[in-house]
Amino acid sequence: MKKELYQTPWNFLGLPEDASTPAAQGWLLPIPYESTTSYGAGTRDGPAAILAASRQVELYDQEFDCEPAMEYGIHTVLPMNLVHRSPEAMIQAVEGAVAELLSGAQRPKVLGILGGEHSISAGVARGIARALNPGSLVAVHVDAQSDMREEYEDSPYSHACAAKRILEVCPIFQIGIRNLSSEEAFFLRGCKKVRTVFSEEANDPKGFYLRDLAQFVRNKQVFFTIDLDGLDPSIMPSVGTPEPGGISWERMLEIARTVCANAAQVAVFDVVELAPIPGFRPPDFLAAKLVYKLFSYALRNRKAKNNRSKNG
Amino acid sequence: MKKELYQTPWNFLGLPEDASTPAAQGWLLPIPYESTTSYGAGTRDGPAAILAASRQVELYDQEFDCEPAMEYGIHTVLPMNLVHRSPEAMIQAVEGAVAELLSGAQRPKVLGILGGEHSISAGVARGIARALNPGSLVAVHVDAQSDMREEYEDSPYSHACAAKRILEVCPIFQIGIRNLSSEEAFFLRGCKKVRTVFSEEANDPKGFYLRDLAQFVRNKQVFFTIDLDGLDPSIMPSVGTPEPGGISWERMLEIARTVCANAAQVAVFDVVELAPIPGFRPPDFLAAKLVYKLFSYALRNRKAKNNRSKNG
Amino acid sequence: MKKELYQTPWNFLGLPEDASTPAAQGWLLPIPYESTTSYGAGTRDGPAAILAASRQVELYDQEFDCEPAMEYGIHTVLPMNLVHRSPEAMIQAVEGAVAELLSGAQRPKVLGILGGEHSISAGVARGIARALNPGSLVAVHVDAQSDMREEYEDSPYSHACAAKRILEVCPIFQIGIRNLSSEEAFFLRGCKKVRTVFSEEANDPKGFYLRDLAQFVRNKQVFFTIDLDGLDPSIMPSVGTPEPGGISWERMLEIARTVCANAAQVAVFDVVELAPIPGFRPPDFLAAKLVYKLFSYALRNRKAKNNRSKNG
Amino acid sequence: MKKELYQTPWNFLGLPEDASTPAAQGWLLPIPYESTTSYGAGTRDGPAAILAASRQVELYDQEFDCEPAMEYGIHTVLPMNLVHRSPEAMIQAVEGAVAELLSGAQRPKVLGILGGEHSISAGVARGIARALNPGSLVAVHVDAQSDMREEYEDSPYSHACAAKRILEVCPIFQIGIRNLSSEEAFFLRGCKKVRTVFSEEANDPKGFYLRDLAQFVRNKQVFFTIDLDGLDPSIMPSVGTPEPGGISWERMLEIARTVCANAAQVAVFDVVELAPIPGFRPPDFLAAKLVYKLFSYALRNRKAKNNRSKNG
Amino acid sequence: MKKELYQTPWNFLGLPEDASTPAAQGWLLPIPYESTTSYGAGTRDGPAAILAASRQVELYDQEFDCEPAMEYGIHTVLPMNLVHRSPEAMIQAVEGAVAELLSGAQRPKVLGILGGEHSISAGVARGIARALNPGSLVAVHVDAQSDMREEYEDSPYSHACAAKRILEVCPIFQIGIRNLSSEEAFFLRGCKKVRTVFSEEANDPKGFYLRDLAQFVRNKQVFFTIDLDGLDPSIMPSVGTPEPGGISWERMLEIARTVCANAAQVAVFDVVELAPIPGFRPPDFLAAKLVYKLFSYALRNRKAKNNRSKNG
Amino acid sequence: MKKELYQTPWNFLGLPEDASTPAAQGWLLPIPYESTTSYGAGTRDGPAAILAASRQVELYDQEFDCEPAMEYGIHTVLPMNLVHRSPEAMIQAVEGAVAELLSGAQRPKVLGILGGEHSISAGVARGIARALNPGSLVAVHVDAQSDMREEYEDSPYSHACAAKRILEVCPIFQIGIRNLSSEEAFFLRGCKKVRTVFSEEANDPKGFYLRDLAQFVRNKQVFFTIDLDGLDPSIMPSVGTPEPGGISWERMLEIARTVCANAAQVAVFDVVELAPIPGFRPPDFLAAKLVYKLFSYALRNRKAKNNRSKNG
């Protein structure tokens, strides 16, 4: 078969074979799980929509003046199989898969994950803790909801409890919150392991909290979990609960740059809750571009640090 | 408040208050549950779409030359709360709710149920068996899929196992099947408790199997479970797995008439798996009209029988 | 401007200038009126959708083995202005426009009208009666609803009263009816000026009623009014009340052929109630093709008759 | 029936029974009227879409650190019946319903209304004037259009004349206007009863006009009428005439806070012209959240004032 | 990586690795080309939609009482790269790719192709003729349009000329035609190399023409080209020109069975012109099921024949 | 025919006959060409969507305090015929049409063009150069992509090469670029004929580059080419590649005012790449309003200048 006659394989960004093998520094795992969603359905179609849109994202990134993905490579893992015995069983499967990927002989430097609903993030956090040093782990969490419920619709593994489950593993820095229950508000006031930046503060042009964020992640291993409804509905309508007053694209990038520039390592990130609207593609494209940016910030800064330590 | 200024309440068919109280002979319970769906989402929006469309259905029915619902009344129950601890827990909740409704002091003569995904039918069957005499219970099942898997995606309570779970409660007569696995085909050949009418036979204009169906339900209590994907996609595209070659509207009515005219009682029916397509309403309307017809066949024939026995 | 560089003008079928002037035998008047619709909106977009779709209809018609529209010509009139003072005022405006068009010095042999909601047909009927000999006028009416209510939602000019208003002008032959109120059923039983062919009879393959229809229109002037929801929802989902059990495409053409072959003249027809579904075009295309067929049957048979009388 | 098995009733915010009886301080009246719309249809579906979306709005509101609706209660009235005799007849029906609701023995402290098209606001204003002291009444009007036409498409009760009809009842303060006719521009220059804040001024970050607004409503009874197309299309695309350059979510809240904090009473507000886009829910959710905020500002500030006067 | 954690690879039917290697007997080549479409866009998204839907098709086929694809295997080739220098250049690229695939050392027994627009079929026919014995080649062509224009919109490689280009390679048997130009009608009357079965004949329940079809393909190599608009719009609305009066699902299967049972070999088939409607999946699913059936008929009958000749 | 009964003709803004004849100063040419699009289809429907939406744009413009189009007039030319022989042939046809329109006896002062895909702009630029003095010609180009590829998907006339082809005719000032390939980045660094304002600079509130822009166009003939994906996806989602971080509505108007106030003449502008999303109209409306603003800036400033020179 003459190669030039055919399109590049079906992977994130449509990378050529040699930039998308398991030898790549970035791995991307789709988890099209959706089960406990209460309003609006479709997050199970999120990963496929992001992969499809990513093929239109330009490899060249002006911010780095190069094609970063061609340098570090991204390997698109096959989507996880679903377990529908119970949400808990699925979360355990996610934990197992993440732990196994992070501790394999051949393993990613940065693991990106595409949801599916936010509940998977609990499994992701547990998987990281199992595979890496849990003592230095912290989570940065962009979201409209606080997700600090103990249980929701009779399940502790609902998408509405995602952050509460993560908190059992490590401290959390939340950004963009603008929808919470009184139970959650009460809990947050009393909890020292969570710093919550509500949306007014998150959108303030001065962005003072970015310094706190830099401090929070410094020398830590970071799990970066992004529920896309943290963004403003004008740029991200494809979510189940589109709360007005969210984060802009420019601010989202500032947050990501701050995290990746100051953390010891962003070992894992996930981007969840995209529920594609049929025929309305801009949000899919934005999500794909965000994932690419996250890989680049996490892997390019890492390199810089490695170089520094080598030279230092 | 002057009554004539306001619309009728939000219930099935938009019935006036006095025809929709719990004293009505028909009750309708929405169960907007969706969790194990594998392809295409949205059955959680099915009950609301059917209720909305039903308000446009004309009360007068030419077949009976009257407004049947004004005679027997239909009470629209509030939708069931969802349980997301596990599919099994939800099925148990359904079982509990159905059993309780059927054995209450004030209870329906016919209970209709709106899904949601087909897995709820397992709970419905169990609830009927708990509340009524299980010895004389049989199930009539319209569907494109056989749903005879023992387990699917790691859960025995998946929508793909609905009929297998019902079979644990009572014999089944299946109509319209045209999509099954080899495991299911093997199982069906060996199982005497199931009679399967595949789609070619189901669509045959002569409809010889209708006599078998009449025989199957004679003097029995019937649970009538209709997965809407049993109908042809040309009239019912709003389903997760739209298999070509399905049942027509006219034939669906013939089946329903046969069941209700011959059974001792159709105590419960459910209509499941409507996944409304935004902006495309004909399937919602058809489902609403089908539910109305089912109530009328079940309750009008019942009356006829009661009269006969009184006079006999 | 070089002609061949540009597309044909924006008119029905995209006819060239010389086949679409007011000298054409067929005129087409769009009336994008919508005001009293009770369920589902969008008939105001119907005429534009039909015109857009018509540009894809092939001019050549195999049934006539020629391009009929190039022989008789069709002039697309500008859409009528809307009047929103009251439904009655709009109906009067329609009456005036139709009467004026039919009695102008330059006037169509056949006037086609595109709705808009069905209420406009009352104005059309009155306009015909004012301009032509009302004594020999009859109406043929394809619909799912009987539209024989005296008043609906407080207006006698609602779309649900269309046929009742027409009946004040001339006798009616209804086909495809399958949705009516008890008030209407009672009225129809007692009324000698209406012949109603319900949907079971309308769909019977033998079509015995077509002989009655031929008899009904013989030597009469016919107003042919087609509510598209008379067709089956599998081919015509783009209507407000998509009743299952409707007329097929083949039967619709048989009806039209019967009317046009036997009437003295089909002076006016209307095709109403198309509510285009965004992104779903087959119904728009079908409606466009139906309008073209109606012009051809009405004008080609007319010619045949004229020739006969000349030669006779 | 065990209560915990079923969902809360179908009302605004999905409030429990005891917070949604007629004893509640807030009442919400849906008026799904649409008749004179000129471009884009679907406002008749607006109220249902807002109610559906409201069930996902969190009861807890950070701005008040409580669940305000549980304190004051909101009673969802049944939707008004439609009158299609003429727009004028419908406006009269609205006037009657509003006047009756405001002067009943059991009546709301604040009446919210969901449109439907903007023309209903004329009836609302008249109803308020009939029931309350018209001398101290003023209207605050958010919109993209000035709506100051004397007549439109032959009706003085068109949606395009809404503000002109209100002006016959009381003075108006308009905000966000960016689409008007030359007739309207001429009229506005000469009219002292209207203050118009065009969109450039409305969006100016400094917001000087908010002081004028506070002055305008001070010690007045206010009718607050919000045509959602006053908001920017990026957050509110679901309107008939989506004019670029509109008001942001944050500014909308500032306007509402200013009105409610300074008025003697905001007896009635309406939120009109939502034309839901199938499958695109963020605008429905935003509208629901805005309605909740309006109730909270109007009823919480009222309480504060009452307390003050009691104590003063 | 534990295999059972992940879904099967992204290929037609979601086959496991070992049934989808190049050693498989069936190969499937997506050609998402769209350039000359005149009405309605989106055939470039057709192949991806068919692949996505195919993953929901059950492997087990009752007609064969086995999982045919697990026996013969299907290898999904990467989509062809697009050439936009001119339609002619793209057709040449298709010709080259098809010829190369059919004459490779490792090559398919049956090559299926997914369009894209119908114009690619000209390249397919040329590629077959180059690779195989052109003397015994015939084409069977299901379509609504005759596609016998010499040139359209200034290009001889338009989708509207597909059959004319194929005719330069081999004789054609057309089925389902119901839309043609007078130029085409004239041409067809005079051309002996084409047999055209118009839609009335194609839909006749007796199906006499199937005998002619069997005769036409007997002992021939067949190129089977299916423009999905040959099917009826009630089951296949997702096409650019949805002509009423098309072929049913049952008849389509009869045609396919007739071709595959009588031909010496169906070396290549294509299924073209699917333009997926966002959010409306039944047509995608039907197309996927049709492709699977075509592989099974072509490869299972082939086996039967081989066995016969071996034994004979 | 009584004029007041009918709507205004189908032209841009729905202008009355006498303001839309070829004697008008502004002409608008739709070119619904789409052939080389790689992602997302539908630009062929762009011109029709803009025309349809324009009929809702208010003629009165507050910025000028008059109805500008009634002063200068706009003539809507029929859409160009498509040529599908090759992209090059279409570009040549565009060149011919533009040159012919600009040099006719009766010709526009300003020619606006509606795409269609961006590749047509190459033909437009060549047509201007052929008809007018090419020495003083410059292009101003709003876009998300640089479009400076030499060739794309094997064609130098792809939409992705539009600016490169224009550059062969005249210098370019690009604004809003935020998506380019490394090939393009390299080219831009070395090319003196292009000034590129990337999106960060383009969105800077201070807008220093507007002075450079004024300088660039001073005393020049300007071809103003606007790819709508230059705007932010929150206000313009209906494009093939919706890049986050684009230009706001207010800034777009500032750019247009700067160009038209400083150029000697804006002889031609085009607005391209609108791919309407079915049912989602705000972007169509925005595009229509932008086209109207462009005509007004270009023709009103022209008049001012003419007056000045007359008086000077």
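Going by the order they are written in, the chains are A, B, C, D, E and F; count residues from 1 in each one.
Please note the rule applied: a residue touches a chain if its C-beta (ideal position, glycine included) is under 8 Å from a C-beta of that chain, and two chains touch if they have at least 3 such contacts.
From a predicted model like this one, the values you see are computed outputs, not experimental measurements.
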| item | value |
| --- | --- |
| Set of chains whose contacts include both chain F and chain E | A, C |
| Common touching chains of chain E and chain B | A, C |
| Chain copies touching (chain B, chain C) - same or different residues, decided at half shared | different |
| Farthest-lying chain, centroid of Cα atoms versus that of chain D | E |
| Per Cα centroids, the chain farthest from chain C | A |
| Distance from chain E to chain C - Cα centre to Cα centre, in angstrom | 39 |
| Whole-Å separation of chain centres (CA-atom averages), chain B against chain F | 57 |
| Residue list for chain C, restricted to those that touch at least two other chains | 38, 81, 234, 278-280 |
| Touching pairs - complete list by chain label | A-B, A-D, A-E, A-F, B-C, B-D, B-E, C-D, C-E, C-F, D-F, E-F |
| Residues of chain F touching chain D in the complex | 55-56, 58-60, 62, 65-67, 232, 234-235, 249-250, 279-282, 285-286, 289 |
| Chain D - residues contacting chain F, complex | 38-40, 178-182, 184-185, 198, 233-234, 237, 240-245, 277-278, 280 |
| Partner chain A, residues of chain E touching it in the complex | 1-2, 4-10, 48, 52, 77-81, 93, 96-97, 100-101, 104, 278-279 |
| Chain C partner contacts - residues on chain D that touch it in the complex | 34-38, 41-42, 44-45, 81-89, 152-155, 157-158, 278 |
